[in-house]
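Pasting the structures here.
The following pair of complexes shares a single chain, chain A, combined with chain B in the former and chain C in the latter.
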Partner chain A sequence: MTLRSPVLLVALQEWRYVCRQRLLLWLFGLLLVTVAIALLQSWQQARQLSEQQQAMQQIVDQQWQQQPDRHPHRVAHFGTFAFRQPSALGFFDPGVDPQVGNSLFLEAHRQNPANFSAAGQASSLSRLGQFSPAFVLQVVLPLFLMLLAAAAVLREREQLTGRLLLAQGLAGWQLRLGKVLAYAGLACLMVALVQLQVLLVQVVTIGVSTELLVSLFGLWLGYCLALLACIALAVWLADGCRDTRQALLLLTALWLALVVVMPRVMPFWLQPERLDSRVLFDAGVKAELRAMGDSHNPGDPAFGRFREQVLERYGVARVEDLPVNYGGLLMQEGERLSSEVFERHYARLQAQRTAQEQRLHWTALINPLLALQQFSMALSGTDPAAFRDFEQQAEAYRYELIQQLNHLHTHQIAFENDRGQRVSQAHWQAMPMFVHQPEQLAQLWMRSALPLAVLLLWCLLLGVLCYRGGRR
Partner chain B sequence: MSGGWRLLGHEARVLLRSRSFWLAWALLIACGFLALLQGRDLLLSQQALMAQLPELQQTEQALLEQRYQNGTDAGNVGYYLFLPTSHPPSSWAALAVGLRDSLPVTMKVRLLGLYSQLFDAELVNPLTAAAGPFDFAFFILFIVPVWLIVLCHGLLARDREDGTAALLQAQGGRVWQLLWIRLGLRVGLALLAVLLLLLAGLVWLQLAADQRLFYWLVLTLGYIGFWSVLCALIVALRRSSAWSLLMLLVLWALLTLVAPAAVSAWVDQRYPVADAPVLQLKQREVVHTGWDLPKETTFARFFQTHPEWSETAPVTERFHWKWYYAMHQVGDDSIAAELTDYRDRLEAREAWVRRLGYVVPVVGMQRGFAGVAQTDLADHLHYQDSIKTFHDQLRAFFYPYLFNDRPFELADFARIPSHQWQPAPLRSPWGSALGMLAWIALGLVVSQRLLRRQ
Partner chain C sequence: MSDRVESGPALQAQALCQRFAGQAILNGLSFEVEPGEALCLLGHNGVGKTTTLNHFLGFHQPLSGFVRVMGLCPQQQPLQVRRLIGYVPEDAALYAHLNALENIDYFLAAGGQPRPALEQLLVWLEQVGFPLEAARRPAAGYSKGMRQKVVLALALAKQAKVLLLDEPTTGLDPRSADELAQQILDLKSQGVAVLAVTHDLLWAHQVADHLGIMQAGRLQDLIAREHLQPHELADRLFRASGRLVVEEPAI
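What follows is the complex of A and B.
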């Protein structure tokens, strides 16, 4: 596009117009201030969480190290805690983080839920989403850009300046795309200013990495595409409207439907089955575990076959003659089986959740702002999948830890008078503590690529529609 | 006087003949109905869950009864028997779901330390929970104001823009009269829609028609009144209809989206509770340290809070259930100070939100609706208290068996206490309603002044 391209000229003209409108400048200023407040607020909260978590992690480490000489199975019941590290961009877009717990108690025989979610302890206000820069950019900004872009198109028509321009040889599509370009440019600038604020906070606090820069650029791109789609939609619809009044009403209603109503109504229609309550879930797991037998009791007949196999493997006739502790072997077997049962039930629950999520993802096809929401939280590492990753890491660690302790039980504790013995604390002091590994950037991109593609599609489609124009 | 009536009749005819108005009105009703439907669905599913609990309980208890039919140590029963508790919704919960869709409304507890059980989270889908429910309170708080804005932003400007203003002035009507009549008609019809929906709710959802109906009506009237006056105020500035719409939408976004979120974030940050897991950390440490301490130490701590059992026989064997449960109780007792501190912070959050609710209308309304429906954090804390009471009853029931070495007979199963739910007393929303009234009065005075300045 050369400097004399008519599209660019229209855009330049529009920018000049915006700069002359005091009200509009105030409005954009207000938006930026709101974002800045949201950013500071959100960042402060993330920092608080991270500080308090570090303090708790220290307590947990200390508690673990300071255990006296104990029976390994006591240590397994004592357990430890896993804390979820807030994602680096969580303060930009908290995603589902307020809904999920950040602390998980890891112990033998049981898989506990992550407790103390922020939403569960909040005053009853936070039902519209946490106050964050992403909230302002996803919810409030599209409304204003849409209304302004529509008004810009119809202003030309109503003040008859449009006809003048057309008479001078400007094509209708050039006018429309010029307006789109003008407001898309403003949108890109706004988003860039917000990302700069985010970057600034990061530079001051934890420093910048290439990964962070890539993520920020990705977010900038995604937000710009989504806002571009909104603006193109507004320009296209406005072009088909009778007058400004009609266009503004139509766009307000559309925004309300897309941003406020749909995200709350869709889940209701898209989840035919409700998730089991924890009470029912636990009852299901328990019923199966009951049939499995009690691994604390070496005489439990439910483990008869296992005992025979063990005796056969070691070529002895009685468990007392085994070179290792049968009680410990039984614990290992019990942990393996109970984890299997839990994993199976949890996988079913997870499948239900994933099905619900996927159906919501499909609605992004008819709602670019939902695609933006998915994209943003996926790339910020605050989507449900990121939480699931933490749960899986914690469960893998738990299983490994408990089995290591059961191994100690098998080899360091004699079968005779099993419960009366202890092993040295040095054994578990050497075991590594759980450290939550944030996901790799590549993983985040894999999940955000699809919504980004949807956004691109929307932009193309609406670009074409804008080019061809409405009925008038 | 008759001029005013004639104007009213004329305006009513114009409005009621408008097809687009009825379309908007039908949309409003449809949205409200959808909200009722969604609230009802959640309520029904929770009631169905609670109805399942007794049977589930009986099956599990029957297994234990079979296992211990010849009597057993009460410690076994206390260890293996999980007892259900539930938090039944008030009939109004369907209108304002509050926190009920993300916090546990049923929970099982056993005789072990309460604070290793009480905070267990419910299984929810975080993605759907993040959006929050679309219930009737949401409809009134967010949708109705937009409807009013859309219908009322151009009440005076339209005449100017259509060129009919001069015609109207020639008929001798005063501008302020015209505005209040037009606004009154639209607000009246919005109120009619809300009242019809509420009536439908009363019949369909069988809402208890007690003082909660009155509170709900007062809050709704106040809130709709607030937005009507705000619309009047902006219209009275007599700018173009596009300007008024934009300004009203900015105000709407600030008041309903940004203000509550900012208030909530500020309160949460002022009273952080991210260290809540410390409760569990510390309780667990104390319980498990018990295994490595002399039994007398644990009992000495236990008897400090339970002196009535201090005369019972000391434990000499390696394991005794009463020692086990004493360890758990000592663990619970050891976090009493932290627990009070945690509760204080949660209550301080509530108190601040209440105070800010007097000034920020949406905050006050949101609190008011959830308060009337008893679905807010305060009510969840009340549920936690009822579980605590139940756990105390359980301990009072089992301790005589444990400490007096009384065997637990088959017949004793039937005497195990069960969880009882007593709803908390209703809190009146007068504070928020008064705050709203002040705003309305202020808005009325200012807009009337602006209008008189013809």
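What follows is the complex of A and C.
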């Protein structure tokens, strides 16, 4: 597009108009200040959470290390905590993090749910929703830009300048796309200024990495595409509206539907079967575990077949004659089986969740702001998948830790007088503590690719609609 | 149809018909305007005068019949046609935050016309009688007459071959209306074809070569100006609209 391009000329003219409207400039300034406040508050919360977690991690590590010489299975039941490392961009878009919790208690025989969620610990008022830069960009800015873009189209019509422009030989699509370009440019600038604020906070606090810069660029791109879609939608609708009042009503209703109603209603509509609640999930797992038998009891008939296999493998007739502690072996087997039960139930729950999330992804096809929400959470590492990754890392660590302790039980504790014996604390002091590894950028991009493609599709579709024009 | 501007009438309407909401607005309208000629269309409200202009601008698609501007069809080649037309709407709208020079420059550039030098713009504004001291003030403070002069200067700047005027004297004081008439006569003398729709009979008589009286979507009378005095024109117009003719008192 050259400087002589009519589309660019219309856009430049609109920018000139905006720059000469003091009220609009104040509004833009106010929006930036609002984002800055949201950013500071969100960053403050993230910092507090991080500090609390570090302090808790130290206490938990100390408690683990300071356990005296004791029976390994007591250590397994003493347990420890796995803390989720906050995402670097969690303060920009907290996503589902405030709801899902940040720590898991790890112990033998059971997989506990996450706890200490920010929402759960917050006062009743702050549970209404976290104020974050992403909230402002996803909820407030689209409305603001949609109304401005629609007003720009209707102003040309109602003040009759549009008619005079068309009479000079400007095509209708050039006028519409010029307006879209003008406000898309403003949207890009606004998002860039917000990303700059985020970058500044990162520079001052933890420093900047290439990954962070790539993520920020990705977020800028995604938000620009979504806002471009909103602006094009507003221009196209305004072009077909009778007057400003009709456009204002239509756009406000549309904003309510896209931003307020659909994101809250869709998950319920798209849930043909309700997800198992945690209580139901636990009850299902417990019922199977009860039927499986008690691995604490070497004489439990439910493990009779296992005992026979062990005796046969070692070529002895009695468990007392085994060179290793049968109780420890039973614990290992019990842990393996209980993990299998849990994994099976967990996989079923995950399949339900994944199916629901996939259906939600499809809804992005009818709402670009849902695509933006999914994209932003995914790239910020605060979507449900990022939390599941933490759960899976923690479970893998828990299983490995408990089996190591069961191994100690098997080899360091004699079968006779099992519960009266202890092993040195040096064993668990040497065991590595859990360290959450946040997902790699490539994984985040893989999850963001689909909503980003949907946003691109929306922009293309609305670009074509704007090119073709409304009814008037 | 080729892009070439063909010889022949500058403006041509042939058996033009149009209906809106089931009501016939134009009903076989036909006329021609040669380069350097002016035709004023007269008639009561709703007779289809502005609709006729809109067809020449390519804003409407005829139900049947056709219009041509310098031999080009506005419906098929709207952008090429509009670049030949200088259009002065009833309410000459300008961008209030831009001054006269900026307005003309923007309208020209948006229409794909070459952008003239500032000095040339001032010459055109002066030609249409625009007060040059106001040329750098925002158009928000311009009177209707000043806005119309800016739009007329825009037509000059475009070097329009055809001028379409929609109720150009509405809201103008007699002096401004007379100045506008002089400018139209100047443009006519340069070969510009003029089509104006108006209710101002004196002004129409002043600028037009032919006066067309419209009734029920067609041209009821097409009269050469020299054959008609303004008061006769009023008489014809009243007859066309079916109203009682008031005899002019003898002086």
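One rule holds in what follows: the second predicted complex is superposed on the first by the 467 of 472 C-alpha atoms of A that agree within 3 Å, B and C clash if a C-alpha of one lies under 4 Å from a C-alpha of the other, contacts with A are read in each partner's own complex, and residues count from 1 in each chain.
Here is the rule we use: contacts are C-beta pairs under 8 Å (C-beta built on N, C-alpha and C of every residue); 3 or more make two chains touch, one makes a residue touch a chain.
The structure presented is a predicted model; accordingly, all values stated were derived computationally and were not measured.
On the superposed chain A, the two partners chain B and chain C both fit, without a clash.
Contacts of A:102 after superposition: chain B is touched, whereas chain C is not reached. When the shared chain is aligned, chain C comes close enough to touch A:17, but chain B does not. Of the two partner chains placed around the shared chain by superposition, chain B is the only one that A:244 touches, whereas chain C remains out of contact.
Rounded to the nearest 10, the angle at the Cα centre of chain A between the centres of chain B and chain C is 90 degrees. Of the two partners chain B and chain C, it is B that touches the larger number of chain A residues.
When the two complexes are overlaid on their common chain A, residue A:356 makes contact with chain B while staying clear of chain C. In the superposition on chain A, A:55 makes contact with chain B only, not with chain C. Closest contact between chain B and chain C, by C-alpha atoms in the overlaid model: 16 Å.
The residues of chain C lying in touch with chain A in their complex are 57, 59, 78-80, 82-83, 85, 87, 89, 91-98, 106-113, 151, 154, 158. For chain A in complex with chain C, the residues that touch the partner chain are 4, 6, 9-10, 13, 16-17, 20, 159-161, 163-171, 174.
Residues of chain B that touch chain A in their complex: 31, 34, 38, 41, 45, 49, 52-53, 56, 60, 63, 84, 98-99, 102-108, 116, 119-134, 138, 142-143, 146, 149-150, 154, 158, 161, 241-243, 245-246, 249-250, 253, 257-258, 260-269, 272-278, 280-281, 284-285, 288, 291-292, 318, 346, 349-350, 352-353, 363, 366-367, 370, 375-377.
Interface residues of chain A facing chain B in the complex, by the touch rule stated above, are 23, 27, 30, 34, 37-38, 41-42, 44-45, 48-49, 52-53, 55-56, 59-60, 63, 68, 70, 74, 77-79, 81, 83, 95-96, 98-103, 105, 112-131, 135-136, 139-140, 143-144, 147, 151, 244-245, 248-249, 252-253, 256, 260-261, 263-265, 267-268, 271, 274-283, 286, 290, 349, 353, 356-357, 360, 383-384, 387, 419-420.
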